[in-house]
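For clarity, chains are labelled A, B, C and D in written order, and residue numbers in each chain start from 1.
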């Protein structure tokens, strides 16, 4: 298990916690260690994500169970992480309970649309503010295979993140830092949309 | 008196202060030391809760008075803590002046209703976002026996916290960390409800 | 000049800066050193208030000029501090640019009214949340004698602070810590009022 | 290359990042090193601006290319910085993605107008709150020469900053600290305007 990757993962988890994305021991992060067969290092269940040490991460397989002899409990949402690794080919996944993205997801729509905002470029592969980025919103479920199905079906190449209604956001990337940046980007855009909406402002057509 | 518990209590008070819940020297925390007869360690009155040391906590009995020879003044709301220990069987109590929970409590209702929010699971014993959690709101009083009566009467098993109108929130738990998490959870849910309300959004029916 | 008072003053200035009250090098703080004749230690002009050292404070007289041989420039608003010492008999004065108090002051009224909020008790001498506290709002002026006249005329015993419209808040107290707490209290109450107002909530009559 | 200037620049970048202006690796800062021919030290592309060290800054010429043998990549917006140095005679430029300024820029207007706010005095050269300060809003562009044209055409002496619609703010000054303070001032004023607008308050006529 790469010590450097785990140091990066704990640092990024701490950074995301500092942004307020991991309140009440919520949120989780993982990094891919091996692709075939799938092995990832996953944050543990029910602890504060601001102070994780490299040794706290749990090595899990494609079924999201800890690799023996490790018997510690990874995050309940580990299976969803594994499905995202399978579907997207990404290297890291970050999940947080983002205040504005969660609040805006409580409407009836199935996407959050950002239009003409420079910060859209913080999504890897987006090179201009022109046009729009549609961040999918899917229904929440306590069944991880079902939730994974919703997330995988709704994902798209242009936005490496999916909002789960009333829950939070899953974001992924080609590196730990990129996955974390994508999570941060969704909340930045959601906050901007909320600030506009509450002020009665809409972007120029 | 357990040094370890008091270290945990000062750390949690500092964490809650860092979240902005203990502004203007408000807020207080305690931990149960003995159940029969009731003895708790209580934060002192009128000081900043962000820098408390283990030695700052005051050992008090069921009448909320310091155990002799200690003559220091515990928080004015110590008696309410003791009544919560008696009524709920909890191990720790945290009280904070939570901005969004306090603002929303200024309406005429007697509860704050969160529906379909994943973070409801941060209340111990809640295992799904499906359905709702009703956080009671009771009237404020400067008479601690009266206020305790309101809180005890309104408490419920599903939500280990009560909002006092225009005042703040009392939360409890099976450990210091759980009591603090419950306090944080109320404000997280209240902020989400406020963000939704101000944006004209209501959760799907 | 008391080293202890100046250490407390720099610590309190740093605390208030950490709360976001001293943005853009705004805000200032002082402590009374002698009452007859009036001598105070005043923060310097045009510097960041988050990192002040005790030696940075400037000893000034009743005319707000530095006492020779010191020729450093105290805050432009030093004269207003001295008038507050004369009128109120207080021991310390804190001034900050408080976001919500400033925004709410841009209406046409001459006071901000907080009613039924427990945090009103953070004003020294207020012992209950019952009833209201009226925080005066006065017009701004670049003429310090004129501004001092407005502040002194509007002050009242129940609220040791005055809001200057579109500018910020002056608060005072019997100690450095109390003056800083009063400043923090005004912003806490103003934020609560703003959160209520924007959510369409008014306190129960 | 002056070590002291680069230390100041990294400190100011860290301060601005701490204010939340440099989210998602956005934002950039520079300082002028030589005026004839134009040489500036520029922050690197695509990194977090909160932890920059003096050696991270890249020496660039008037064409915004790194001076050989340095081949590192400066910020994409380096050319805009150089055009601002040419047009304004300033010594430093700071750019950030300011939440409230960006949200308010999404209306149809071409300026943000602050009226009667004391904090207007944080713009160098403004000595009174009386009257108004009009902060220009220009359209965004991924073509740096075009964007520079917009910014230079809209700039004015009274406000050393320009808002780029849906993007963020460029501010400049006679020193690193002044440029950073001007950036902070725009967001402070924008937040105040947003808080007023959302509360249904307008400044007295």
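Everything below uses one rule, namely that contacts are C-beta pairs under 8 Å (C-beta built on N, C-alpha and C of every residue); 3 or more make two chains touch, one makes a residue touch a chain.
What you see is a predicted model, and the numbers here were worked out from it, not measured in a lab.
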Starting at chain A, fewest touch steps before arriving at chain C: 2
Of all other chains, the one whose Cα centre sits farthest from chain C: A
Interface numbering overlap (same over half, different under half) for chain B and chain C: different
Chain C-chain D separation of Cα centroids, rounded to whole Å: 30
Multi-partner residues of chain C (each touching 2 or more other chains): 198
Residues of chain A that touch chain D when the two form their complex: 116-119, 122, 127-130, 181, 184-185, 188, 191-192, 195-196, 198-204
Residues of chain C touching chain D in the complex: 23-26, 97, 99-100, 102-104, 106-108, 140, 142, 164-168, 194, 197-198
